[in-house]
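The same chain A turns up in both complexes below, where it pairs with chain B and then with chain C.
Moving on, here comes the complex of A and B:
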């Protein structure tokens, strides 16, 4: 079972369900269960590879950071100190908040990375046009923007090189990096012109943003996409109901972190 | 076939008159060439035919374009597509999909073609327009310029347009890509598609075009008719105005002065060949026309730049340069040539320490590059980038030049004087307060060269100095370079245009696939036909004409030269 085979809109919906649920829930048990389920899903679909693991690393660092900072610094009532490290005092209540945030970041992070790494952008856009009735004008705008990204990157590189050569005579005291707008102006100028040209080219080929048109490649919504979304809803509901019946469930009421 | 009538077309953009009282009538199966000075509104004319100019708010349009008597303003865009399709100059900025097949399908989708039929149509046009089959699933971004332009042609053909409008379709391509596009366009013309071409690479296009329309600098039609007649009648005015004229025609004019009479005005090499001209006269005419006094190689010059077994690239798996040996001597006008992706830009960046060097050495002025401090290399070598905009850092032309100066070298008056002198030299003194981004293409290019001349750099590298420039600006820039070169500056020019190399460079290196395949004086290169062909380049016109029209003449020239 590969994530790539699902309809991108189905994946997007499933992702959104998990993200929204994790934002509402604020207790370690429910959050932990959501995290475990997401992780199991990642393992079952064999969606981990070196590339997306790399993307997860900074996220893990951030999550661990949140964990210990909350454990030591959260403002909580009646804290019980469970450990000390130099001036830091870790409290039980803080640890719980830290755990919730840790699980939340990880859950949202891995499901989103899973989604982006396993979805072809053009397929997503086609699917959004068909399943979500997205205006083709906006959809093709997004597609063209995607095509511009690599050239923007190489342009920026060239510009930095060009500015470095220009910078020679302004000796060290002035050897700071160019301010962002100095880079932004040429990039913006080039890309606005390019965008205009693409728009003219599209118009010249009979494209109008609110037109009736057919599609060469279509992305269909199959039975397994319905099952996939339904299962996600079921599992999330089951987790929430289960923790409610156990009396664990706490909904988000306000920021309680440090 | 449809009848097109442009009547009293007038276009004004932001208060500037671009086209004035344009009246043309043509049928969509005609093959028409459009010429004109740069910025005279040729592209605007094409967009007006497509009904796009008429839709913009900042443009004031009057007059009409009629297709079979119906105004295009009243036509649905989808019906218009059946008549006109367009291919633009810049290959990258005319696509909106990620893959070639989707791009061809885009037009069909707009026409509401049944998706089941699309596959067949796409396969057919892509084959018809020589799109390489193995690249059908490549992302469009990594295709070469020639492939992208052929894809654009295929897109137009798929929609069934009667006439293909082309806005300088080969201007941004290397000779190989240019050849590919011309072959494909010719095929489309022979198959009955009308062609409406803005182009200045005339020799290869003229044989399959019939009619010439010239737009004057005031935005009116200067002349319109059979191209042979038009060139015959007006060529002097064309040359004066800086409108491209076929070299063959201009040489035939020189020949006429020498007493040779033509019955038919030759507009391409083949036609000149048919005339059976005696070699000695041709030889004289060619050297007179091209003003070919080749620079002699002086012996025992000092090497200013020496690369030995240089291997460089962006990491172990992405090596662009492979064991390069190259020497540039003091006072050289050196040309580094090669097709797209041959590694010539990377080599120039390696010299500037912008690309990691894996193996081998670079010595500049006899000192190894690793012994220079970080920025000292840039103080010796100037680099003019292909896109001048990349280099601009300030808000006015004046401060752009002052920026290069730094703040510590001289007193204020001498700085001022130097900047004024440069501005005057480069025809920019009227634009001191203008933002560099608002300059015209030629002015931008000149400013970017000027910024590199402040200080005392010994070597100047130019990346495609004539890219996107018209005849006038090309000559202007190259004259400046020759003068600088005569004053002792070593100039290294990166290009794929061997005509430029023939006219200006005394030494040349040809790159192909990250290796140097030829290094030596320019004249010697013209004997290495297979090197030129393999590297996807094209012999300069002067050599071609001498070889093809009189092979004896070429040998004579060599023994004389």
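Moving on, here comes the complex of A and C:
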């Protein structure tokens, strides 16, 4: 919960630095270190909980998929076969490529826990206005749209109830529940109408998307945020330099021509 | 940017609402992807990839202004981040690339034509740009040429069907409800009705 104290833009910048580094680097040592450091950071800041972990399960599946696919199917020169499983032959170099991609995807997942899962939506949007010069029209539009989310859920229940009263059935499957298309269209239509009303209300109160304005709540950039971003840059640089001095570092090995 | 492209506040708010709604749909897409991935391996990603361009197609089809396809994708990404996506900040990068793919096709028509083939091509445009991005991000270069071609082909079909046709279907469904009367798509509908 410590991560909540930082400016969301600082968190986004730090996240971007780690993720872009992980996209450039292509060797298992550096990538592994990036992943381990990010994981340690997640544990230290106590950012992790069951909900976060559940959310990144698909990504973990994808990472494991990429690991075995590359280990067994990658095109490599002079492969050494290290294991066989039925028709699959796992090669050493394929395994290395697989490991790189595994750690890359896992780093993306773990940093997203660190940064995006621990940010309040409103603070994020206000920070995007102030620090990233996001257009206030879009920002307030987004805040409005977020306010619609809880009502979308109750709209959905309402529609299901209305369909049940009229005994509308999903003929093909003979289910009592509606198909998603039957739900999605009225749900979106109702919310578009609502959005238009909100736009009129905002214009009636003199809201313009390109005006200079003051804010009830501002999100500031403190010294703490500067230190946080600088520390991230420093750690990432240290990892890259360390693996360079050990002779491990490989960049952009991915491109090998067709 | 807003004045240049002629975005009105109404367009922006509707765009944001579509973005949040599609952001929720996109998160649902992740669980479909997880299942497809478990069954078909990485090509499962290409099968469902089209879902993640739908916002661009639907929003551009409804609002019909320059930059809407790109904006819708970014809004959906912001919605996804706020609702909690496993890919974190990467969705912004991915969304920008997909949005540009869609927008490029609409730009090629001068943001004037929104017929079914154009919408399908826009879906396929996003397929191409996202595939190039994935090629580098997920090290596709280690796969054989035959596999890469089949992955791209599957993704193009997915972009055409799940984004192009589904996006149009959603837009048409919304137009029949009459909720789009103040948007180009709704106008087109009512004019057709009058002339018929």
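The rule is short, and it goes like this: the second predicted complex is superposed on the first by the 211 of 258 C-alpha atoms of A that agree within 3 Å, B and C clash if a C-alpha of one lies under 4 Å from a C-alpha of the other, contacts with A are read in each partner's own complex, and residues count from 1 in each chain.
Throughout what follows, a residue touches a chain if its C-beta (ideal position, glycine included) is under 8 Å from a C-beta of that chain, and two chains touch if they have at least 3 such contacts.
As the structure is a computational prediction, the values presented were derived from the model and not from experiment.
Once the two complexes are laid over each other on the shared chain, residue contacts for A:116 go to chain C alone; chain B is not touched. Within the superposed three-chain model, A:146 lies in touch with chain B and with chain C [touch as defined at top]. Contacts of A:185 after superposition on the shared chain: both chain B and chain C are touched. Set against each other, chain B and chain C touch different numbers of residues in chain A, with C touching more. Contacts of A:76 after superposition: chain C is touched, whereas chain B is not reached.
Shared-chain residue A:202: touches chain B and chain C both.
Contact with chain B, but none with chain C, is seen for A:216 once the two complexes are overlaid on the shared chain. By the touch criterion defined above, A:62 reaches chain C but does not reach chain B. The intersection of chain A residues touching chain B with those touching chain C, taken from the two complexes, comprises 121, 144, 146, 185-186, 189-190, 194, 198, 200, 202-203, 207-208.
Those residues of chain A whose C-beta lies close enough to touch chain B in the complex are 121-122, 140, 143-144, 146-147, 150-151, 155, 158-159, 161-171, 174, 178, 182, 185-186, 189-190, 194, 197-198, 200-208, 211-218. Those residues of chain B that touch chain A in the shared complex are 47, 50, 52, 55, 77-78, 80-81, 84-86, 88, 90, 92-99, 101-102, 105-115, 118, 122, 140-141, 155, 159, 349, 352, 354, 375, 378-379, 382-383, 385, 387, 389-393, 403-409, 437, 451, 454-455.
Those residues of chain A that touch chain C in the complex are listed here as 12, 15-16, 19, 23, 26, 51-52, 55-59, 61-62, 65-66, 69-70, 73-76, 94, 97, 100-101, 104-105, 108-109, 111-113, 115-117, 121, 124, 135, 137-138, 141-142, 144-146, 148-149, 152, 181, 184-196, 198-200, 202-203, 207-210, 254-256, 258.
Interface residues of chain C facing chain A in the complex, by the touch rule stated above, are 1-3, 7-10, 12-21, 24-25, 30-31, 33-34, 37-38, 41-42, 45, 71, 75, 78-79, 81-90, 135-139, 141-145, 147, 169-170, 173-174, 177-180, 182.
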